[in-house]
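Down below is the structure, laid out as structure tokens.
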Amino acid sequence: METNRQRAPELQVSRWFNTKEPVTLAGLRGRPVLLHSFQMLCPGCVSHAIPQARKVATMLQRTDLAVIGLHTVFEHHAAMTPVSLEAFIHEYGITFPVGVDMAGDNDPIPLTMRAYRFQGTPSTVLIDRDGDIAYQGFGQEDDIAMGLRLGMLLSQAGAA
Amino acid sequence: METNRQRAPELQVSRWFNTKEPVTLAGLRGRPVLLHSFQMLCPGCVSHAIPQARKVATMLQRTDLAVIGLHTVFEHHAAMTPVSLEAFIHEYGITFPVGVDMAGDNDPIPLTMRAYRFQGTPSTVLIDRDGDIAYQGFGQEDDIAMGLRLGMLLSQAGAA
Amino acid sequence: METNRQRAPELQVSRWFNTKEPVTLAGLRGRPVLLHSFQMLCPGCVSHAIPQARKVATMLQRTDLAVIGLHTVFEHHAAMTPVSLEAFIHEYGITFPVGVDMAGDNDPIPLTMRAYRFQGTPSTVLIDRDGDIAYQGFGQEDDIAMGLRLGMLLSQAGAA
Amino acid sequence: METNRQRAPELQVSRWFNTKEPVTLAGLRGRPVLLHSFQMLCPGCVSHAIPQARKVATMLQRTDLAVIGLHTVFEHHAAMTPVSLEAFIHEYGITFPVGVDMAGDNDPIPLTMRAYRFQGTPSTVLIDRDGDIAYQGFGQEDDIAMGLRLGMLLSQAGAA
């Protein structure tokens, strides 16, 4: 019996880009997931984390890894609307699914961000084939370290 | 008599950030000017040209060089409004004056961009102490080359 | 029965640095190995591959991965003597064991390089816990790809 | 009358590479000079200063700037002999003249290094058309700052 496992909270998304059907973690069960939380006006996201996520998505497109973007706006809400995000996704060549984290009532922090207790953007979550959180981090992730974690995640078989 | 000189067209700006008074090239006559044209959703601007302009502004703050930003929106107009630009300027730590290039009638290209015939963003214009264009270029500028041009520009005395 | 496995040829080394005892692959059986082949006057080694190997050695020092350097001199032999290599190892802060690939008779290619059929430097070999070659590549290795391969290598149990 | 001017000491060189005739500062009078002091086993030289000097030499080849390398060995003398330097110059694609700073008696510091009081490598000296030192610095030089200094140096007329 493992007691340290933590189930990854389900995504709460008000709008999706780059996908016809809404994406759910439940629907991805059995596959490892890289959940990449960003804001379009976050310099660290734009210079490092988004290019890294794009590169991972391209390098691992023949594996069963799912790369999912989450636009978690917790500041400058009027400046980062879905209209602006759509142009951003186009200009930065993002082709993996991106969800807009659902705004909460009377709280600048959106709902998925709150459920995961993200400290800010960029945030990275690796979810294993069983739907549990294998890694969660805040800030820029080193490329070698990101590769190591993904290599170990992909090597794991699910519990089922 | 010099015949190759080209007078730098005056700026046409609908709104300024980071300055109380509107900036005009006429008012800067006698000083060399780096005019930096960008769009907030232009990857080459964000990753290279804006950090370079910021660095130049800091390195040369004790000289009489004026660094002026110009937000020349020619695409995705709804995504790059002044509200979004204001948040962008804050997040990217831009402290030099930034003007919003004035929209033209029935033309996606704004007025100053049209007057200079910019090919896109980023664009760089170096204006000498006499108000003439010393250099105009499109795309990322090499750091050593940018330094060389600025060093020669600063070394020039005005005609007056 | 697997038929694609290829046993990693044993190291042939004339002199070791950074280790009291000679290192052999036989002695490392049961541990994964990163074998990093370089030349001290190889620009691609100095700018990318050696810093990457150093970083991997530091990041994974608490795992059972063994990082081994191999100085495979196949050109400019008079310029890359052990005396020069010793100063190089000091100046570049290399702390993992480094072996000098043994010179062959009447052949500029040293013996270990010949056994592995390296195309040049840098070359990278990943050896699994069973002593088989898991990956061999020539040239600069991408950081994310290197991390992925190491993550998968570390996740593998040995056959025994 | 200027009192701050300091005449650049003449080079003392035991061997030249990439030039048929020995180079002297006296012979370069009237031209601006970038004197680039390095050691082949100095990581900061190899990763930054030498590529920068190469780039400057290429960018400014149509100007009258002279780029001169000086191999100032003050440590690991047995590891950085002219034989090793020759291979290094070849591998790193250095095409401007490189002199070997002349060894002194009973002193690890070579003679030109002593005359200029270099603190270590890399060191950079800019010499104006009159043969005076316009700038001297130790360590990596920022690309924009290097460009600025060269732009101002090239803009200066000689006294004669």
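Per-chain residue numbering starts at 1, and chain names A, B, C and D are given in the order in which the chains are listed.
Just so it is clear, a residue touches a chain if its C-beta (ideal position, glycine included) is under 8 Å from a C-beta of that chain, and two chains touch if they have at least 3 such contacts.
Since we're looking at a predicted model, the values are computed, not measured.
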* To do: Could you run down the chains that neighbour chain C and chain D together?
  => none
* Asked: From chain A, how many touching-chain steps at minimum until you land on chain D?
  -> 2
* Structure fact -> Farthest CA centroid from chain B: chain C
* Structure fact -> For the copies chain A and chain C, the interface residues, called same if over half of the numbers are used by both and different if under half, are same
* To do: Could you tell me the distance, in whole angstrom, between the mean C-alpha positions of chain A and chain B?
  => 36
* Take the average of all CA coordinates in chain B, do the same for chain C, and state the distance between these two points in whole angstrom. => 50
* Structure fact -> Residues in chain B with touches to at least two other chains are numbered none
* To do: If you connect every pair of chains that touch, what shape comes out? Choose line, ring, star, complete or other.
  => ring
* **Complex contacts: residues of chain B adjacent to chain D** => 52, 55-56, 59-60, 142-156
* To do: Would you tell me which residues of chain B are touching chain A in their complex?
  => 41-43, 46-47, 76, 78-80, 83-84, 86-88, 90-92
